[in-house]
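Right after this note come the structures.
Both of the next two complexes hold chain A, though its partner changes from chain B to chain C.
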Partner chain A sequence: MSGSAELNRSRTVDWALMLYVVLAYAFVFAPIAASFVFSFNSDRFPSIPLGEFSLDWYRAVATDPLVWDGARNTLFVGLIVGIVSTALGFGAAYTDYRYKFAGKQVYLALALLPPTIPVIILGLAMLAYLSRINLSGNALSVIISHVVVCAPFAMAIIRLRLSQMDPALEPAAWNLGASEWMAMRHVIVPFCAPAIFGALFITMAVSFDEFAVAWFVSGLNETLPVKVLGFLQGQVSPRINAIGTFVFILSMTLVILAQLLLSGRGAKPADKE
Partner chain B sequence: MRRPITLYGLTFSLPLLIWQVLFFVFPLLFLVALSFWTVKNFVMQPDFDPVNWTTIYGRAVFWQAYGTTLTLAAAAAVLTSALAFPASYAIAFKLSDTARRWAVFLMVIPFFTSYLVRIYSWQIFLSDNGIINVILGGIGLGPFQMLNTVGATMIGYLTLAFPLVVLLQLFSLVFIDRTLIEAAHNMRCGRLRTVFEVVIPSARTGLVIAALFCFILAFGDFVSPVYLGGGEPTTLSILITDTTKSGQQWPRAAVIALTMIGTLMVVAFAAVKFAYKGKSK
Partner chain C sequence: MSRDTLVSFEGVVKTFGSFVAVQKLDFEIKKGEFLAIMGSSGCGKTTTLRMLAGLEAPTEGVIRLSGKPINDLPTWSRDTPMVWQSLALFPFLNVRENVEFALKMRGVGKAERRKRAEQWLDRMQITEFAERNISQLSGGQRQRVALARSLVVEPEILLLDEPLSALDAALKVRMQSVLKNLQRETGITFVYVTHSQSEAFSMADRVVIMSRGVIEQIGTPQEIYRTPRTRFVADFLGSSNLFSGKVRAGGQGQVLETPTGQFVLYGQVAAVGEAATLTVLDTKTHLSVEKPAGAVNVVPVRVIGEEFVGATATLYLETAQGQEIRVQKGHDEIADLPTDIGQSLYAWWNPQDGHLVAEA
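Let's look at the complex of A and B:
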C-alpha cells in the first residue's frame, strides 16, 4: 500500500502527524499504565510522587472472600458464555456463508445487532424479562444475557474465516461422497478451527469485562467486574488497580492466544489436520 | 446454493435464532409491555395504563436529562471523530504495513481492559490531588478542579470510544483508492485541500459510521457521567439506573429506555442514510 508516488510531502507535517499518533496512544494507554503502576503503590489515595512499592492491594484483594467468589463466578460464567456463544456464532456464520433464504436480512440483524443496544437498556430489559420468567438473580441470568451480547462477536470472527475458504471445497467433499455432516466434520470445522478458538477466547474476554448487564441481572451472584463497580461506588480504593491488573493480564493472555490462532499458522489456506 | 430446508441446515441456523428471539427480542418487547404496567405498594402489576409515559414526559427533569444526554453524546461524537481523524490518517497513510499492523493491534488492547478500571485510573489523574494537578502545581499553576466536570465526562467518553473510532476510520481510510489522492496531488491540490476534498468524501461512510458508534456508546454510558462527571448534570442513563436500582419503578425506567431506543433508531437511521447517500443502488 505504501510506496506509491510520494508527491507533495513535507517532513514537518509528517513529524507532526507522527507526534500526534504517539500522543493518541499515550492517551489511550495512560489509564491502563497508571492502573498497573499504582497497583504496586502503597498510598491509599494514589498520586505522584509514588509511595513505596507494596503488594498490599494484591494482599487485600487476595484475602477478600467476596473477590474470590466474584472471580469464581466470572470464570464460570465466562467459560460457559464462551462455549455457547461460539457454538451459536458458528451456526449463524455457517448459515450466512452457505444459505440464501427469505428473511436472511432479519436473521443477520438478530445475529449482529445486540452489541449496538446500550448495555444499560439491555440490562434493564433483561432484568425485567428474566425476573418475570424466574431466571433473574443468578449466574444463569448473567450467562443468558452475556451470550446475547457475545454471540455476534463469535459470528463475525468465524464468518470472516469462512469467507477465506475456497467455496468449491465443500461441494468437492460432497461430490466425493461425503454426506453434509461428514463434510462439516472433516472440511468446515478443521478449516475454521483457529477462528473457533479465537472466537472462544474473545467472547470469554468480553464476558470477563462486561459489568453493566451483569450488574443488573446478577443479584447476589456478582461477577468480578460488578464487584469493581461496587468498589468504585464505595470509597475510592486502589484495590481496583490490583483487580484490574490481574484481569488485564488474564484477558490479554486470551486475546494473544486468539491472535496467534487467527493470524499464525491458521491464516494459511491449506491446513494440515 | 441448495435451497431445501434440511435438518442439517436447521441444526446450524436455528439455535442462534431461538436464543436471540427468546433472550433479545422478547426482553425488548417486554420492555414495551412493562412501560404500561403500574406499581402499587412497591409491587408491579400487569396493566395497560399510560400513566408512566405521562408521568415521565411530564417531568422537567426528564427533558433536561434528555437534552443533556443528546448534547453530550453529539459533542462526544464530533470531538472523538475530530481527534481520532489525524491519528487514523497518519496510521493509514504514513506507516509501513508492519507498523500499521502493530498500531491496529495496540488499538485493540483497550477493548480487553476493563472500562471501569480505566475510569478509576482517570480519577487518579484528574482528582484535586491527582497526577495532573501535582504536575501543574510543580510549575506553580492550579490546583484546578477537573474531576466532577463535564470535561471529565468527555474524557470518559473518549476513553470509551476513541479506540473504536480510530479502528473504524482506519478501516475506511485504507480502502481509499490511492490513485485518487495522487491525481489530486498531480493537479496541484494542496495537502489539506486533498484531505477535505478527496480523502474525507471517499471515506465518508466509515467516518459517519464511526461517529455513530461513538454517539451510541456515549448516549448509553452511565459510568463516565457518574464517576468522572460526578452525576451532574443528570443523563438519561443515570436516570435509568436510579429509577431501577433504588425506586422499584421499573415501568418508568422502561419508558426512559424506550425513549432512548427510539432516539437512537432515528439517529442511526439518519446517520446511515447520510453515510450511504449517493452510493450504489
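Let's look at the complex of A and C:
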C-alpha cells in the first residue's frame, strides 16, 4: 500500500467497512455456528440458555452403523468423483488451451453447462436416464451423476491456470527434444499441479455436500447428506448437528487446502521481466 | 550449394490462410557464421526462424539442414534449439533442472546429465545460482540460463528470437558481447532475429533484411550500410538522405533530376530515363555557411532542429521543397556552425559519396 493511499484514508470509513464485513460473515456463518454450538449441548432441543457441555450426540452418531455406512459411501464416492472429474476437467481445459477448432465456443459452453441446470431437474434426468440403462440405485450412479456436476468446476480451475502459462513454454519443451507426451508430463502437468490438486479437493468437497442429485439416484447406497434428510424426516435430533459439524469441517478443510494451493507461491504466474 | 553451407532455404513459402507471411525465400546460412535476420514486425523474420526450428511447416519449398531436407522432421527430432523472446524458462524447475531438461528428454543418464549441465553453468558463470528458482534471478542471469539450456546439447545451430528485447540498454550491450564471444568461441552457427539495427550490426557477420515476407538484401553490415540495394533498405536503416528522381545524361556523366535539384552521379550507373533514388549517408553530407566553391551537389537548407547524442550531434534541416535532410557530425564540427532554428545553410556532398539504388 502506498503512503498517499494510507494518508488519504478516513478512519471512520475504514471502521464502517470492517464492521460491514464482520456483519456479513456473521450472517452467513451464524446458522453453522449455531449448529456447531448445539452439537455440544446436552439438551434435547436447541434452546437458550444452553445445557451442559456434552459429547453425547457425537457418541450417538459414532455408534450408529447407518451413519458409518453413509460416511463410507460419501468418502468413497467423493474420492472417485474427485479423481475422475479432475482428469476430465484437465482434458477439457487443455483441449481449450491447445487447439483452435470450429465450434469451440459451443464446446466450451456445453462443458461448463451442467452446474447451471437446477439440481432437481438434473437429479430427475439422471434418475430417468440411469434407470433406463440399469445403473440407478447404487454408488456408481451417484459417481456418474456427481462427475457430471463436478467436472466443469475442475475444468474452470485448470483452465485459469493454463491461461497464466507463457504460451512459449510448451513449444520450448518440444524444441528442446520433448515429444508431445513428454512435454505434457514434464511441463504442462507440473505447471498445472497446484490447480490440479486444487480441483481435486474442490470437486471432492462439492461431491461430499451434494444432496439433491444423490437423493434421486443413490437408492440404498445413501450418502451422508441423504441420510441426514432421512433422520430429519423421522425425528429432530441434535445428532444432526454433530453430523453437520463433522461434514462442515471436512469440506472446509478441503476448500482451504485448495485455496492454499491455488493462491500459494507455486501458483503465481511466472513473472516476466 | 557449397560445402560450408549448413542451412538452405529453397523456394520456401509460408501462408497462414490468405496471409502470406513469407514468399519465395531462397538463401543459405553458412557453417559457423553469425547471421542476423532483421526487419520490422510482420516482415516474416520470426516465421522464418520458426520454420527452421520446426515450429511451423513451410507451405511450399524445401529447408535443408546439412544437406538433408527437414520439412517433415518434428521440432523434437531436430537439433535446432531456440532462445525465446520471453526466454520460456520452466518456472517450476530450478536453474540446474532447466539446463538439464534437453538432456533428460534425450534420455541422457543422471550422472552424465549433471556433468554436462555443470560445464555450461560454469561457462555461463551461473554455477552459484544452480539451485535457485527462476523467479529469484535477474534479467541478465535468466538470459544466461536460457543460453545454457539451449547450448547444453551442443547443437550445430542456435536460433535466437529477439532474446535481448526485454533488457535495459546497458545490459543489452553487455549481453551482445557475451553472445558474440560465445559464438566465436564455440563456432556454433547463430541465427539471430531482431528488429534492432544496432543489435544486428554489432554482432552479425551477415545480415538479412526482410520486408513483407521478402528478402530485401543480404550482406555484411558494412555492405548494407554503405551500399543499400533497395530504397526500402536505405529508408529502413535511416542513416541516409534520399533523393528520388530520373536519370538523365549530363555534362560530364549522368545526373539525377529530382524535385530538390539536379545531382551529379559518380560514373555511369544507370540507364538514362530510369527512375532511381540517390542515397547519401548522413555522415557524408556536409554543411557550410557560404555556398561551397567547386562543390557540384549543393542543396540550400534551413535548420529545423538539433539533437545532441554525446560524441556526435544530428542536425535536422529542411529544403525549400520541404524535404527533411539529416546531417550527423562530431559534436565539435557542428559547434563551428551557426545552428539557430531557421538559419540558412548549404548541404553538399561529393559525387563519389552518393549511391544510386533502383526504383524511386
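What we mean here is this: the second predicted complex is superposed on the first by the 246 of 273 C-alpha atoms of A that agree within 3 Å, B and C clash if a C-alpha of one lies under 4 Å from a C-alpha of the other, contacts with A are read in each partner's own complex, and residues count from 1 in each chain.
Quick note on the criterion: a contact is a pair of C-beta atoms (placed from the backbone, for glycine too) under 8 Å apart; a residue touches a chain by one contact, two chains touch by 3 or more.
Not measured: the values here are computed from a predicted model.
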Which superposed partner A:A172 touches (first chain B, second chain C, both, neither): second
Next on the checklist: With both complexes overlaid on chain A, does A:F216 touch chain B (first), chain C (second), both or neither?
Outcome noted: first
Chosen between chain B and chain C, the partner touching more chain A residues is B
| Touching partner for A:A60 - first (chain B), second (chain C), both, neither | neither
So, does A:L140 touch the first partner chain B, the second partner chain C, both, or neither?
-> neither
Which of chain B and chain C A:L257 touches, first, second, both or neither
neither
Exercise. State whether A:A111 touches chain B only (first), chain C only (second), both chains, or neither.
Key: first
First, second, both or neither for A:L160, with chain B first and chain C second:
neither
For A:I83, select first, second, both or neither according to whether it touches chain B, chain C, the two together, or no partner.
neither
Contacts from chain B onto chain A in the complex sit at residues 1, 3, 6, 8-9, 11-17, 19-21, 23-28, 30-31, 34, 83-84, 86-87, 89-91, 94-97, 103, 105-110, 112-125, 127, 129-131, 134-135, 158-159, 162-163, 166, 174, 178, 182, 185-186, 190-191, 194, 213, 216-217, 219-223, 227, 237, 240-241, 244, 250, 253-254, 257, 260-261, 264, 268
Within the complex, chain C is touched by chain A residues 166, 168-169, 171-179, 182, 186-187, 190-191, 193, 266, 268, 270-273
Within their complex, chain A touches chain B through residues 1-2, 4-5, 7-8, 10, 13-14, 17-18, 20-21, 24-25, 27-32, 34-35, 38, 45-49, 87-92, 94-95, 98-101, 107, 110-111, 113-114, 116-122, 124-130, 132, 144-145, 147-148, 151, 155, 180-181, 184, 205, 209, 211-212, 216, 225, 228-229, 232, 236, 240-241, 243-244, 247-248, 251-252, 254-255, 259
The chain C residues in contact with chain A across the complex are 53-55, 74-76, 80-82, 84-86, 88-93, 101-102, 104-106, 134-135, 138-139, 142, 149-150, 153, 166
